[in-house]
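In the part that follows, the structures are each spelled out as structure tokens.
Look at the two complexes coming up: chain A is in both, with chain B in one and chain C in the other.
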Partner chain A sequence: MDRHRADGRRGTPSPVTAMPRRIFDFLSSLKLTVTCLSLAIILVFVGTLAQVDSGIYEVQRRYFQSLVVWWPATPGAFSLPVFPGGHLLGAVLLLNLVAAHARRFRWTWKKFGIHLTHAGLIILLVGGLFTDLFSVESFLRLAPGETKNYSEDPRAVELAVIDGSDSGFDQVAAIPESRLRRGGTIGHGSLPFRIIVRRFYQNSRFQPIGEAARDAAPAATRGPGSQIAVFEVPRATAMNERDLQSAVIEIVPASDPRQSLGTWLVSGQLGAPQTVSCEGKTWRLAMRPARYYKPYSLTLRKFSHERYPGTEIPKNFASHAVLTDPEHQENRDVLISMNHPLRYRGDTYFQSGFEKGDTATILQVVYNPGFIAPYVACAVVGTGLLYQFALHFAGFLNRRKTTP
Partner chain B sequence: MKRWPTWIALAVAALWVTSNSRMPKSAPGDRDLVAFGKIPVLADGRTKPLDTVARNALLVIHGRQTLRLDDTRTIGARRWLADVLFDAPLADKYPAFVIHNPDVLGLFGWEQDGRKYFSFAELVPFLEKIDMQGEQVERIEPSARTPFQVAIRNLRNSLALYQRLKNSLRPEVTGSFADEVATFEKAISPGLEAMREREKGGKFDKEKFDVFVALAARFQTMGEMACVFPVPPGPSGSGPRGEWISIGASLLQTISDGVVDPATKSWALVGDAYHGGDPELFNRHLPDLSGRMAESEPQATARAAYEFLFNQLEPFYQAMGLYVLAFLLVCFSWLGGSRSLGTAAFCVLLLALAAHTFGLGSRMYLQGRPPVTNLYSSAIFIGWATAVIGLVIERIFRDGVGSACAAVIGFTTLIIAHHLAGSGDTLEMLQAVLDTNIWLATHVVAITIGYSAMFLAGTLAAIYVVRGVFTTSLTKESAESLSRMTYGVICFATLFSFVGTVLGGIWADQSWGRFWGWDPKENGALLIVLWCAVTLHARWGGFLRQRGLAVMALFGNVITSFSWFGVNMLGVGLHSYGFMNKAVPWLAGFMVSQLVLMAFASLPPARWKSFQGTKTTS
Partner chain C sequence: MKISRAPVCLGLLLACGWASGCKDEDEIKVYRVSKPEPEPQQQQSPAPANGEMGGMPQTGAPASADAPNARPSQVAGNPPPTWEAQPLSSMRQASFLVKGDNGTMADISLVSLAGPAGGALDNVNRWLAQLGRPPITGEQLSQMARHVPSPLGDAMVVDLEGLPQGADAAKDGRIVAGIVAGDNRTFFFKMRGNSALAGSQKEAFVRWIGTVRMAGGEHPHP
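The block that comes next holds the complex of A and B.
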């Protein structure tokens, strides 16, 4: 690097060495820092205002967890990248930070606080990226007495094809939402038939054929879908709304794909599972929230919901549950309440909500391998800033004393 | 140096404080409403003196803490509450309900004639209409409500509160409640006997049965309507699980206990004496009741007495007056150039800070919580923290700038707090998710100190710009020292904003497993941190000098006000507590004023009065 600088001073840089040097200069410059931070401010500001119309989830995906922001956002329309997204800005800032340190780092106590601060920021940014990429959030809804060994995705669905012929357990083939959206023909080794996705609705509304939708065509030929018309509606944006995904599928025997068994409408909006028979066996079809299975289970014993006397203000929510893990030979009572989560085998269970009338508890389940990063980062940056501020302040007071 | 201005200023300040600190006394021969106001009861989830119940309820219903009956008579909150509780027919005629919205008046077929206050009796014919309209509004998202809808909903809530109050301590319509209670006590066992006989299908005493059932139903309704819970748990634990209960619930409990709770009896006697208009009898029964409270609930009684004192002293109101005085003194010291006036301002500010601190500390003691628990208390705390930092700066630089900032921000934030207090009890109970003192004490306090520092930096920059552009008083030295103060305060803001923001993330990680959710309030905090980072890096890189720093600090005001108030107005996210339509124009006005100042700051140095003729550019 020293040689590069010497080259530069001589004024006759060779084009080969000058280019990387210029890039390095650019990457480590304060101007880049200020530019990126300013762009980040605009991004955060616009992203905050956009939540009024688009909802928090959509905004996160579009503005913060993306490389670039596309505009207009309507799906299918021609759109252009108009602004750097959160991931791009974060990555450039990270590069900038590392490059600046590589170029200017010199060990002095005077700069110690600055170095600590930036080291902490690196931890924070890397940790944030790690969390964005690897963390999984899901929900666990439990009524008193109920036991579950899986949690459910709040947004994504899966199409479960369940073989209940064995009385001991169900054999399930689950097709994820992303696969359904892609369409085409889906087969599975354990199934004697294939599933052809005729149509996938990201968000849908039903109307019964009859008075309301006299002219509409039924969605499917078999099951309740033969009495229902389906309409595509825009994606849900409000905090308390969810997409209601539906699909129309056709089932054909694997042995003779030309002979259709009919079409089915599958959706979380339909209550009971439907059945399909093929080669003398019956399967159940259910569109349900995507599941994350755990090697252990939770049983809810009791859900308590305290209010302050004489008011409706909630004082505390708590789930009293039993944790059973045959693998680790655990069988114990656990208490999950507001601000007191349960951490077990990489998952954390938080008291998130409850169903009307306190009939069931809703726990948020988070798997986040990077959860420790912010704790470390906060301590490191806090120390760094405090050190630097104290140093400046002391120096400033001393100077004033000596030069009144 | 002349000392007399200091002494005069201090005398004015002392006069202000003492004139506002007189304890109320009941006139001899009149009902002792002071002692009445100190009695602790449970309302909105916490025990508080009746004085607080009165003030909050009147504030919600009437919009102020005193009630003007006509051109000559004004009554206080305690008197109003006592009338509502014990003499409902009289209180029904008071013009207590405030209605500003012309459409609401139109709903009643009333023309707008400048009257804003209406009595319950006037509203009685429209109760059903109001209830129906108000209920419809409940289904509409708060951010989507029209002014009419907000007004009708408020009126409905006020009426509900009023009617609950009327039935909290005695039935709205009764001659002697004590007699009723005694009749009930005697009717219980024969009534139960008759009830058992009736169930068996045998012959029963219909008259006794009817008396018992009618009174029990009456008390049950009372218990359901009550919003004041005045019967303490007591040594015997009268309430279930040792809780305070309503008069109605206490009487129903008599069915299983056999005897009426002595506190309930005492309340009935006090109420009857008040209702009968007999001050002497009222004053004779009242000490029984307060004595009983003090004996069974010594802690709640002491706390209530303290809160009564706190209500009377109105420390924030006093501090507001002192901040104004201090600011005037600083201005005079700048105009006249007298150091002595600056010292006087500093002393008055210390006094203001003492009042402010007393208020803040009292709230913490009463609530048993760290200082910031809602938007109201954040305003109080921002003012307090700025005053402290401002005074420290003043001690270092001694040029009146620190004092001026402390006075301006202290006063403004207290005014803001005053306007935020209209929704009732500012010491409200905390939602379950907020019920954690560790995070309230660290995250919330750090963030709020960050806000304080940002506003302080912005105010320093405003002083720099106003003095530089419009006066010739900004010398090279004072410009430098102002700029240095701004820079130092921004460093301080960076420290607290960053740590506070990350602590908030950690709290979120602890509570619902998500360090960062891009919630508007979180984003607001992040904007402040990013803004500080941009400012500091730009200064280190030499892209910003004095004027640039001032522009940045002024825009910091815009960002901080957006983060503090603006994001709440978006009506999305987890932090969107307290939606305030009314504050929108004020917030917008503030932001525009800062932008105007920024435009002035961006004028070339030649256009700055202070820099004309000198070659010092910034």
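The block that comes next holds the complex of A and C.
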């Protein structure tokens, strides 16, 4: 290959090194860069159009936070991979950048700025992947006087199976939505029963059985579900809407799986938790927004909301809270307002909104272990560009001096 | 350049694949949490002596799945004394029966559901279908609706008439309903029954909507 000769390597490679070399050539080629960038443009374009039908969160998950984009050939049963997803394109671009850099790397002060710029881009790509994989966004709703040590994800639910037999604490087994969606039998060592997911509704509506059509059947045999008909409805796609997930579950004792305790309808639409008794103990079942517990708590003292005079347009809103952390012996007042987030133990609390009548504050809670990467990347890229520019500028000035 | 850099790149590819797969979202988490302290409102909320709750008990323990009729309500209000309180069901936050002359009656209920629960127009059209009437448009709805302030929020009240085929006119023929769209929950007030009786109870029904609030001053939240 011509490029190899240009790089100074000559002769026929041995069979042992031929394959790695081909792979390395492929990974460091400019063609791969152009192909990946072209595919990324198509992915962004198609993903943007898909938001009309699927909404931003579903599109993010299917198109950008995946290795491949799957096309449901038979909805609910059979899917085909049709396009590389955002994670795959990002990973290949990262490898391409690293490989190309490694191939052409020659240490010289003249190219130090270029090296720095490339390093910054690598940090940016790795940081982006890291953020995508490990960051968690949730919300904390607090009414004045209320204390919470957890935040909630408004778009994902969990089935909490709560053992409240101890007077001091509740033992919770939280089954994530993804596990419920997969169906099948769910068991855990802490539970004396198994949960069989009979049906999962990504978005649902209830009707009292008396008001539903004559052929509508009760969703379950036990609890409120015995009086409710459940209907699957299309997924919520607007930013201000959310799915109302529900599931019909059957509970069987682990000791005797043939003996069913009945079926239950679990959903956030049913206000209070339900109960199930097994082997002399009672558990509470609650489908609720997925929770992220913290080793500290926040108590809202006061929520203030200023408006521009004579209008309802918010001027400023702020939450005056108390942060309590027994582990770190913290007990102090904190103020969270627009553009002044609270950062504590890896979490960042942004003043996000409020409820009607200012009855509660809503804080967005972001856990992002890779939040520093974009800052570092920008600093490194900026330094590299500045260095390279300064070098060229100095050369230009020298040439002007020496030119008669 | 050395060819030995190729395995480094392949290693990076594997690392990316590992990173993509290492976020286990299916894991069941088991943890202990301190029991929530009872809310002060619950501790200090003895039932009013003047019967303010009108058959709607104050907030209490979680409902037992096997005793839906014993489910305590999460709302409080001032219903007229002539309304007979009925046992609550898992769906009903409030339930009354009002009886008129000649065996006429009307059923009154308050149901709350999470989210927009289909929206006002869809629900009004569903009620119209129950009365054997054709659906209406959003514009027609805005013309016929009346708005009543309530502690839960603005209530949109509609009055629908119609007798479905084969229905008992003593118990059916009119639906007066109110919809309150809260932040996270929608409240449906509904009175369905004999047309003349529902008409005579309409103003009392609307006044009752104006008094219903979350028990203990709690803000509506799922």
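FYI, the second predicted complex is superposed on the first by the 305 of 404 C-alpha atoms of A that agree within 3 Å, B and C clash if a C-alpha of one lies under 4 Å from a C-alpha of the other, contacts with A are read in each partner's own complex, and residues count from 1 in each chain.
FYI, contacts are C-beta pairs under 8 Å (C-beta built on N, C-alpha and C of every residue); 3 or more make two chains touch, one makes a residue touch a chain.
As the structure is a prediction and not an experimental result, all values here were calculated from the model.
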Which of chain B and chain C A:P374 touches, first, second, both or neither: first
First, second, both or neither for A:P81, with chain B first and chain C second: neither
Touching partner for A:V34 - first (chain B), second (chain C), both, neither: first
Which superposed partner A:H392 touches (first chain B, second chain C, both, neither): first
Which superposed partner A:T348 touches (first chain B, second chain C, both, neither): first
Contacts of A:G310 with chain B and chain C, given as first, second, both or neither: first
Touched partner set for A:P72, first chain B, second chain C, both or neither: neither
Partner chain(s) touched by A:P234 [first = chain B, second = chain C, both, neither]: neither
Contacts of A:P273 with chain B and chain C, given as first, second, both or neither: second
Chain C-contacting residues of chain A that also contact chain B: none
Residues of chain A that touch chain C when the two form their complex: 7, 9, 17, 20-21, 23-24, 27, 67, 87, 91, 94-95, 98-99, 102-105, 129-130, 133-134, 141, 143, 149, 164, 167-176, 178-179, 182, 186, 188, 190, 205-206, 208, 211, 222-224, 226-228, 241-242, 244, 264, 267-276, 284-285, 293, 355-356, 359-360
List of chain C residues in touch with chain A within their complex: 1, 3, 5-10, 12-13, 16-17, 19-20, 22-23, 25-35, 62-66, 68, 71, 74, 89-91, 111-118, 126, 130, 153, 182-183, 219, 221-222
Residues of chain A touching chain B in the complex: 30-31, 33-34, 37-38, 40-41, 44-45, 47-49, 51-52, 55-56, 59-60, 64, 124, 128, 131, 137, 239, 308-311, 313-317, 338-339, 341, 348, 350, 352, 364-366, 368, 371, 374-375, 377-378, 381-382, 385-386, 388-389, 392-393, 396-397, 400
Touching residues on chain B, where the partner in the complex is chain A: 42-46, 226-227, 229, 243-244, 246, 396, 428-433, 435-436, 439, 484, 488, 491-492, 494-495, 498-499, 502-503, 505-506, 509-520, 523-524, 526-527, 530-531, 533-534, 537-538, 540-541, 543, 567, 570-573
